[in-house]
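One structure is given below, represented as structure tokens, and several questions about it will come after.
For clarity, chains are labelled A, B, C, D, E and F in written order, and residue numbers in each chain start from 1.
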Amino acid sequence: MLAGMGTVFVFLTLLVFATSGMSALVRRFEPVADPESAGVSEEEVAAITAAIALHRTRHRKKHSG
Amino acid sequence: MELIREIWQGSGLYQLTPGQAVMIGVGLLLLYLAIVKKFEPLLLVTIGFGGILSNIPGVEIATGDGLLHLVYMVGIETGAFPLIIFMGVGAMTDFGPLLANPKTLFLGAAAQFGIFATLLGALGLTAAGVFDFSVREAAAIGIIGGADGPTAIYVAGLLAPDLLGAIAVAAYSYMALVPLIQPPIMKLLTTESERRIEMIQLREVSRTERILFPLLLLLLVALLLPSAAPLLGMFCFGNLMKECGVVDRLSDTTQNALINVVTIFLGLAVGSKLSAEQFLQSSTLGILLLGMVAFAIGTASGVLMAKLMNRLSATPINPLIGAAGVSAVPMAARVANRVGLEANPHNYLLMHAMGPNVAGVIGSAVAAGIMIMFTS
Amino acid sequence: MELIREIWQGSGLYQLTPGQAVMIGVGLLLLYLAIVKKFEPLLLVTIGFGGILSNIPGVEIATGDGLLHLVYMVGIETGAFPLIIFMGVGAMTDFGPLLANPKTLFLGAAAQFGIFATLLGALGLTAAGVFDFSVREAAAIGIIGGADGPTAIYVAGLLAPDLLGAIAVAAYSYMALVPLIQPPIMKLLTTESERRIEMIQLREVSRTERILFPLLLLLLVALLLPSAAPLLGMFCFGNLMKECGVVDRLSDTTQNALINVVTIFLGLAVGSKLSAEQFLQSSTLGILLLGMVAFAIGTASGVLMAKLMNRLSATPINPLIGAAGVSAVPMAARVANRVGLEANPHNYLLMHAMGPNVAGVIGSAVAAGIMIMFTS
Amino acid sequence: MLAGMGTVFVFLTLLVFATSGMSALVRRFEPVADPESAGVSEEEVAAITAAIALHRTRHRKKHSG
Amino acid sequence: MELIREIWQGSGLYQLTPGQAVMIGVGLLLLYLAIVKKFEPLLLVTIGFGGILSNIPGVEIATGDGLLHLVYMVGIETGAFPLIIFMGVGAMTDFGPLLANPKTLFLGAAAQFGIFATLLGALGLTAAGVFDFSVREAAAIGIIGGADGPTAIYVAGLLAPDLLGAIAVAAYSYMALVPLIQPPIMKLLTTESERRIEMIQLREVSRTERILFPLLLLLLVALLLPSAAPLLGMFCFGNLMKECGVVDRLSDTTQNALINVVTIFLGLAVGSKLSAEQFLQSSTLGILLLGMVAFAIGTASGVLMAKLMNRLSATPINPLIGAAGVSAVPMAARVANRVGLEANPHNYLLMHAMGPNVAGVIGSAVAAGIMIMFTS
Amino acid sequence: MLAGMGTVFVFLTLLVFATSGMSALVRRFEPVADPESAGVSEEEVAAITAAIALHRTRHRKKHSG
């Protein structure tokens, strides 16, 4: 059991270091913010989703059997 | 007269064994919990119905050439269904909170203590003559404490297929019971002032970090723990599809049509293992008991680890988010949030608890890989 | 020169048999009926195209390791495809009208008379030397009268795989021909004043009733007629997913992506049984004839039963809705509505006819279970 | 044939009784109407309108292969 | 101590061969090209990830009972996945521009010259001792010049399964490189004034023509070249579902959920053939080189054919659209459009180039059928 | 190789003739435009569909695992 828990901890500790290192590197060499947070309003998102849903439902027909 | 006798002898009522009647009741109970109590309905509706179907006497549906048996062989014996579900879960997982605070991975590690403690407990109780579990069975039972359905089914399918029905039912039931099981343990192990701790807001995480993380995790798994590679590989693949932004149509289908179809057949196939002969055993009682213990220990060790980290860390950590380390995404994180709000009405822990929550998924997949490596 | 000869001898034109040419024509005819006449297009487009593919000489697609043959073995020989389609149909079925007026189940029972009459007729004509059908084949042919595609394919796959192509084509063709076949029979057996009968509005049905009904049906099937459990079990499962309200994402996928994918491959696989050797037999003519008779008898017995019930019942019952008991959902209900409107422009029978219509689905699945029990 | 039709009728008769009984029980112990029939909110109407507008400017993507 | 050794010896780092390390690098490179450079991401993300998974040492995922190996056997060895993708591509294809100007089929034919030239080249280089390809392998390599992923995978799966990974990677990489590979060749072979040629607007194509075309194509294939019938049959089936207008729900699912699911598993399964032993061979270098040559020759012969047709035809034909005959839909047509715009800013060739573009799909499927007929 | 390319050309040449012939026939016997634009207005259909789509999306839940 100790070996098991130990391996879990070792693995996740390595993952913590690897992740932190990766993030540090990324933030160093790519310090610019993502343009994702630009103002897409929730309403727009909702409307787009509805449009897609609409497109799908529009082609739906009943299945008879 | 002949005919009526033939019909009567072909009827289920004539052939029904008491065990089958009980199991049909168990199936109805699972449906009740799913539909009325809203306990993990996606799985308990399908498992419950599959359980009823598999206990209808005189019909081959869960056995022989029956559909559910074929689905079981194709989807679960090969490990395909849990792996595909894990891919879908990966495509639904947001690693943002984890990336903003990677230390929460320790909480996902600590909460796996329940898995190993239960493995030891099951072996101990077998040695004491209370139960009769092999090492592989004990390992599969321990995984219930991981609070992760597909992982539990994957491991049980590999290590203890005979216990699969009971293990799956236990895993999903306890995941559904998170709001009942966890709060008392969380409150017992924390002081009022600890529960009030507010955490600093998480930083923004860039798209590049999100894309690199699943690859990093995959490579680490590949290099250190290949036996966890199928589970975590598919998980990382799903997450990469979601985050990379160039295969959205694949990611969408993975999160919707594909995972839904596989969930339906996984549930029915798991249900097909709820036959009276397999389920109405004293071992099932043991599984339910040990699973509950695994779950409770995992919750406790997550909370205790968070307390320890809070002492050692410069930034404050609310110990409640440690309980989310068992995974049970996103229920456990919501529970941590709710218990936190009770102590401090301005304390929104949800995003902070999502870190340990997804860390718990990784943690139990790692634990599963270790179990598989040591026992097979 | 050698090469040109080799190419020519490899060409379809060189190898084409007259039978294959005829069958390609049959495939084109089915496509014509589906696309231009809109006869059950979902199935007749796929079956028709599969039929053409399977009659291309010199290529393994419907035989050996060819895709369509593999799909046939995986999806139809195992019964998986019709069962999955039945699950999807269940998820699309509204039992409300049936629950509001459960007596309409009798109409769904009566309309199955065509099935058993045709079984007897097929055996009689075999005894008389006209045809040469075994009991199992006769049973599979009778099921055409159930006007239910997946049920017919499921039963034919189990009892008479050699006749599967012809039976499926007959079943879907006659379902498409409901608007032509049924009205004359309905008018012949009812008086103008009967057709004018207005029915009282159906009561509201609660969500609880809708959830409990598929479970009730499943338990009754389990206890009394397990041989119908695969078909009705999957049907009830689909309906429960729809009505329980907690697994909408599964229900949506079942009604869309899943049933569509299975329909495509079911159609192609059924089409792969339209090879010249199997289809261009006198038995096919017999199947088409007997299927038509089964259909007509079912319609007639549904109408007659409704007339009887109208006499015995306190509330008025328009005999036209009895014709909807053959199923062919929702076409037969629409036909009943239209014929009713012709007699009485204020008489909207559609919702009243939906009760017997879905009852007919249950009825023919029950009849299928009986056939399977007695012959296998 | 008689046995077959008989079984169909017996089965469906039992189903009629079981269904009627179930409905009677349900209506006795749960006489309240479902609260499903609430109105369409303004937000929904707005979303629908937006969806229609977006639908007209929508375009499909091709699959290359 | 024992345990730590066991864990270490079970780790990937201990077992990793240099070849596997290289192949994990290749997988990461493919992911880089897909995600950052947007090279055919739907396939290169999935193939790249599958390639990494298949090179994790000490774990059965791409071999034995592993998921990817099972998927490979079920989906690629049977030919099912490429055929289903081709059905989906058919359901996404608009034959309108081709029907408006059927002569563009000649361009789709000419561009297949690359396929046969490469076949001959591969055999020549084998005779000269440079490479060591069998006739079947040479044929499978030539098909890369068809610039059609599913066709290449289908043919490689049938004729040269050992080379499948390399062939698929080459095919999709060169399709992605169309914007780099084609323009120089196009400019080399055309004069500025030829590139400026404006074409007359395409006529409207009626729905009936669109419905009849896939049937016509199917019948021609059936009668003349049955070995191309599986590929073109499924392609025509998909297109018929799209155009016939009566099975839109099937067509939608084919274009979305179905093709997406199959793409995911096709990519992973192809990736599972990127094992170090199979990929790190001199033959892979040969495949990449020859594939590039095939591609270039196809582009050139398409352009030259268009020049010839421009001389012979009454209506003007811009030779640039000949390059679109290699298929690589819709990238090659866009490239033709872009190069045309450079020479003449008012010259929109996109719709004109779509004709040869889809003709190229037919052309390479025909070429594939010829290869299969002659070599198997 | 010649045989291969030859067959491709022969096949596609036949397809050119067959297609041209088919189109000529269709245009001769069916010169009328498609009557697709009859019936319910697009706006009505779109609104109804969007309403249904919205109704469904509202009932969707996340998949936990």
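The working rule: contacts are C-beta pairs under 8 Å (C-beta built on N, C-alpha and C of every residue); 3 or more make two chains touch, one makes a residue touch a chain.
Only a predicted model underlies this, so the values are computations on that prediction, with no experimental measurement involved.
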Chain whose average C-alpha position is farthest from subunit D's own: E
Fraction-based call for subunit E against subunit B, same above half, different below: different
Length of the line joining the C-alpha centres of subunit C and subunit E, rounded to whole Å: 41
Intercentroid distance (Cα basis), subunit C paired with subunit A, Å: 45
Averaged-CA centre spacing for the pair subunit D and subunit B, given as whole angstrom: 31
Separation of mean Cα positions, subunit F and subunit A [Å, integer]: 35
Contacts with 2+ other chains: residues of subunit F: 7, 46, 50, 53-54, 56, 63
Shared interface positions of subunit B, touching two or more other chains: 7, 42, 224-225, 249, 256-257, 260, 263, 374
Of all residues in subunit E, those that touch subunit F in their complex: 98-99, 102-103, 105-106, 108-109, 112-113, 115-117, 119-120, 205-209, 212-213, 216-217, 220, 224-225, 359, 362-363, 366-367, 370-371, 374
Subunit B-facing residues of subunit E, complex: 6-7, 10-13, 15-16, 24, 28, 31, 34-35, 38, 41-42, 45-46, 49, 52-53, 56-59, 61, 65-67, 70, 256-257, 260-261, 263-264, 268
Residues on subunit B engaged by subunit E in the complex (per definition of touch): 78-80, 83, 211, 215, 218-219, 221-227, 229-230, 233-234, 237, 240-241, 244-247, 249-250, 252-254, 256-258, 373-374
Of all residues in subunit F, those that touch subunit E in their complex: 1, 4-5, 7-9, 11-16, 18-20, 22-23, 26-27, 30, 34, 36
